[in-house]
Structure formats: C-alpha cells, structure tokens
C-alpha cells in the first residue's frame, strides 16, 4: 500500500491554502535500469480534492510531475475546522486518500 | 571559602583533565591511519591501495603546509615525473576538450573498469563563457591563452606557457606541492590524446575560451 | 518593449499561426475531459495539447502569472505556479516545451477554489514553460518563461 | 519621434540588463521556492511510524531507544550527536546509534543492515528514522558534548580524517570544504573547518535530495562524498565516518539545525 500523504490546510484571509505532498515514484517510462531495460511508466494520473465533501479540484498528471509530488491550491472560502480530503490514483490502479482539518 | 580548598580544587581539576587528555599528536596520527584502514573496504574499481599515501599526499594531509624542504622535494619529484607529449605535439581538438571538460565521470566505485575518465574541469573552473554552471575552487580559465598572449601556439614565444600548461595538467604538484588539482597524467586519469584536447581548449586561439 | 518580450510575442504568434494552419478555430468550447486524456499527454507541442483538449488558439496574456525560477539547480524538480485574477477560470495547464511530451499537469477547477495552483515538474533541458488558463468565456490564455536547467554537482 | 522611440528602447534594454538577476540570485530563488513543501515531511512521518511500530524478531518498538538523552527522549537528541555511549563503549552518530537500538531492542542484525545498499530495505527505514529524529530538534542549536576523553579524541581523529588526502585525484574532504565561498559547478560548498552558519553543512543533514528524490542521512552524504573523492567505500557507521561527524558537528557548535532539509 502506498505511503500516506501529508496534507496541510491553513486559514489565509477568508479562505485557506492547501499544500499536499504525495509519496510516489512518478517513474517516467523513459529511464533504463542497470541492465538497459526500459523501466515502465508508473505515475499518478488523477488527483481530486474535496472541501467539506464538495469536489473543488480534479487534476490530471503525466509522468513529468516530479517524484514525491507537491501540489498547492487555495480554497476561496474556508474556516478552521473545515475538512479537506485529497485522493490520488495511479496508472497501476493504486490509490490513496488522506485528509486534513483546516487550521 | 578559604584559599586552601580553592587551590586543592584547582589541582584536582588539573589532575582530572590531565588523566583524561587526548593522546599526543603523533599517536593521533597513528590512530588515524589505523582508523582509515579499519573503516574502508574495496568496492568495484576503488581498491584499498587508494589509501596508501605517497609523500605528497601524506605531507599535504593537514591544515598546515609542509616544511619548505619537503615541499621542494615534492615539486622536484613531480616535475621529474612529467612525460612530455610524443612528437612534441601539444595541441588536439578544442571541441573534444570542451566535452571532456564538461565530463565529471571516472574512477569512482560506480564506474566500470577501463571506462574513460572525464576532465572534471568545470567542477572547479570557469572555462568557456557560455557555460554558466562552473565551480570556483580553481581559478577562472576563461581567456586562458589570450591573457597570456598566445597568438600562435607553435611560435617560440609561446613555448614556455604551452609547456607549463602541459606540465600543470600532467602533474600539478610540480608547481605547487599541495595543489588541489589532480595529477591527470601522472595518476593515469587522462590519456595523452585527452590532455592534448584540453590543451587546445585552453590555448587554441580558435577555442571559445579565447574569444 | 524589451527584446525578451518581443521574442516571446513572436513565439506566441507562431503558435497561434500553427493553430490556424491546423484548421482550429479560436473560441471552440473545450471538451469537459473526464479521466486521463491520453492524447493530450502524448502531444508534443502546445498546439497539439490544446487540440487534444478540444480547445481554441491560445493568446499570450498579462493576466496570467506564471511563477517559475529563472534557473533550476536540478531539472528533476522545477517548481511551477500559475495564477490569475480573472473570474471563472475552469482549467489550468502546465507545459514544458522541450519535454518528450509537452503537457505536465492539468487542473480542473470548481467555483470553490482560486485560479492559483502550483506543482513541480521534471525538465530534461533548458526550455520554455507555459501556464495556460481556460476562461469562462472559452478563451485560452497563456504566459511563458524560459527556465534554464543547469548541470549540478560533480557530474559523476 | 523616431529618435525618442530608439531612446526609450535603449533605456528599456538598460533596465533589462539591470533587472537580469545573477545566477546566484536565480539559484537562491529556486531554493526558496522548493522550501515550501519539502518531501522530507513524508519521510519524517514514515519514520515516526517506524519508531513506534513493534518490529523485528523481538517485536518491539524503538520507543525505549536511548539516543543520548535518556530512554525514549527524541527531542534535542539530534543536536548532541555524535556522542559517547557507555553501554556500547563507543562514540556513535545518529545512524550508528539507531543501528544499536534496532539490534538490542528489535533483534535486527546490524551487520546485515550495514551491508544493505542505501535506499533499500532496512536502510530505507534508517533514512526515515533519521528524518524523524532530526526533525524533533529542528530549530535547536548544534551542541555536541566534548566532556568525555573519547569525544575529544574523536574530534582530533575526525580532523585528521577530514584532511586525509588519497586516491587517484589526491582529494581530501578539505579539497572542497576547506575554504569559504567556493563552489562545485553552481553548488555552494560549506567551509566545514569552522562554523559555516545556521542550517548549513552539518546542521542541514539529513536532507531530501531532489536529484534522486530520496532521503539522505549524513552517513549517505559522506558515502557519496567519498565516492566522488574516488576513495574506497567507507563502511556504514564506521569509525572514520563517525569521527568526521564529531569534527563537523563540534565545529558547527551554535548553528541552528534545519534538518531534515531539502537539497539539490
């Protein structure tokens, strides 16, 4: 199973800033191993975020997103105690969901 | 508090620190060699003989420079070790030299046996103006030939600087006992052809270094 | 107007020209892509990416802010940010012109969030990067910047 | 009119030249952008889980591990390592001490772990644990004890190891880290013979390396330094590497620790 994400959500003005770190190899599919064999692409394809149960963002990623990806977005209107849920899916069918409370 | 106990205390403190003092410098030097031997193992092409120091390596392994006589001996030995290029041909192709200067590979335990080494030059020196990613451990070599007035490498007035440059690349310790630069020729890091290409990069009036 | 900006505009114009030559009309409503759009992520150029996403010709715009370093110490991680104060932005893209596939990431935004997203991408070499925004009135606006990728470390 | 435009353009060009940031400023800006969102956080979280998880043949956690400030005390331990440990009769750095605890508490074999390549198996766990332990001292000042004879002896030996020249390139640690203001390519090199300042050098490792996308402990950092020095392979948690840690750590006295940092 994939390692947990780190989701931080902090009040900023009337909204909140959300920063997410995901543990993922994000293998490009263009690198070769020591034996010269192509290492197959393995990357997150989709990321979704919800704010208090309401979808706010859907991202689609290719293999060019860096290893152990970072993502930032900003909720227009949020308050301390609100719930932010982030999920990702990768091209091998693995997935992970983590959440944070706005602080 | 009277004087007596204070003196006694000071004496006791002296005694304690005396008992617990670190070994003498010579003993520490010996312990260091022992520790190095015990701490490293061979891996790939990097064998344990790489820890066997020659005179120069041993003399330059301190925060203080070696005694002048020792430095002179290192420099004389190094100068005598220089093999001048066959046929008196000092210059190769500056383009190959630039590629070599960019290449930082070679001689690590992850390198294959017999794999050619790079020159590692940009790690420490500015060379061509167009490469902004250069190190500063060594002096800038930009305009190396131009600044030294080299207009024609074959001209007699260029001979001294051409020879010095070859010698510096071959065995840098000939001119500075504790130079930080590897001995590319002496240690077999670079071939004669490779050294000629680096020479051209530095001295050829057509090289981007001299523009 | 400075030189850099002029070159940038010329480049923008040529992208638009390419779009026209492909027979794409500006202002075509973009498809609401559900799931991973393979074609968009296989595309080699900004124009091809936009075509795969069913979008119209792009216009360079000062309303789009692209945050990217002038120089990246390592191409494996290049931080990119895109933001705009334009209302109703539905989608934002990050592209790296000289990567094997140009599109790095696409963000579909709902009303609940600002048009302000960041991520980090890999760059194989020095290249232009683009931030593209799809507006509520179906305009495709972009900002671009060159990011220099340097060789680092001992290179061994 | 025409002249005016040309003049205005020339002015714009001059401004452009002035506005052109230097390479160093560009690199500084790049690092600043990366600092917000350091993937080392992921390893720190993983390390905390590993610290508390019952593992190994003895099915025990590391919560009873003594990192020098008493059993189970993590906070503040990092900025005092390496130090002397009476139970092992050795000066130990963070990784060496973790190895001891993994052996005594969990029953794991330290020789097997030491022989495992970096980033794999228990070595990957080691990196995460090092991230966790160092993070608990973030913002504290480096303060290695030098009260014990062996600690002072290791400083002296570490200094000598630091200046030890060898290999086909004649390099020592001092070749790159003996002077201030130097760099390799564009990477600044900390001067490690004195306190290089807050969050620089010894006070910045473990760190997340963006080039490999991996967490590097000081042991791994030193290992790769020696690789690039063209030396043979320094054993994991060997005395020479620990002595270097003492030398650099004592020199860094008072420097604020930012570990786990983010590095190129």
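All chains are identified by letter, namely A, B, C and D, in their written order; residue positions are counted from 1 within each chain.
Criterion: contacts are C-beta pairs under 8 Å (C-beta built on N, C-alpha and C of every residue); 3 or more make two chains touch, one makes a residue touch a chain.
Being a predicted model, the structure only gives us computed values, none of them experimental.
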{"item": "Of B-C and A-C, whichever chain pair has more C-beta contact pairs", "value": "A-C"}
{"item": "Nearest-to-centre chain - CA centroid comparison", "value": "D"}
{"item": "Euclidean distance of C-alpha centroids - chain B vs chain C, Å", "value": "46"}
{"item": "Centre-to-centre distance between chain C and chain A (centres being mean Cα positions), rounded to whole Å", "value": "20"}
{"item": "Chain centre separation in whole Å, for chain D relative to chain B (CA means)", "value": "26"}
{"item": "Mean-CA-position distance for chain D and chain C (Å)", "value": "36"}
{"item": "Touching two or more other chains - residue numbers and ranges from chain B", "value": "108, 120, 122-123, 132-133"}
{"item": "Contacts with 2+ other chains: residues of chain A", "value": "26, 66-67, 70, 72"}
{"item": "Chain D residues counted as touching two or more neighbouring chains", "value": "23, 184-186, 210, 213, 227-228"}
{"item": "Touch-based graph of the chains, sorted into line, ring, star, complete or other", "value": "other"}
{"item": "Interchain pairs in contact, sorted by label", "value": "A-C, A-D, B-C, B-D, C-D"}
{"item": "Residues on chain C engaged by chain A in the complex (per definition of touch)", "value": "33, 35-37, 40-41, 76-79, 81, 96, 99-101, 103-114, 116-122"}
{"item": "Residue ranges of chain B touching chain C (in the complex, touch as defined)", "value": "102-106, 108, 111, 118, 120, 122-123, 132-133"}
{"item": "Chain C residues within the chain B interface of the complex", "value": "148, 150-156"}
{"item": "Touch list for chain B against partner chain D, complex", "value": "20-23, 28-29, 31-32, 35-36, 38-43, 46-48, 50-53, 56-58, 60-63, 107-110, 120, 122-124, 132-137, 173, 180, 182-183, 187-189"}
{"item": "Parts of chain D lying in touch with chain B, wherever the complex brings them together", "value": "23, 148-149, 152-153, 156-157, 159-161, 163-172, 174-176, 178-179, 181-186, 189, 193, 226-228, 230-235, 238-241, 243"}
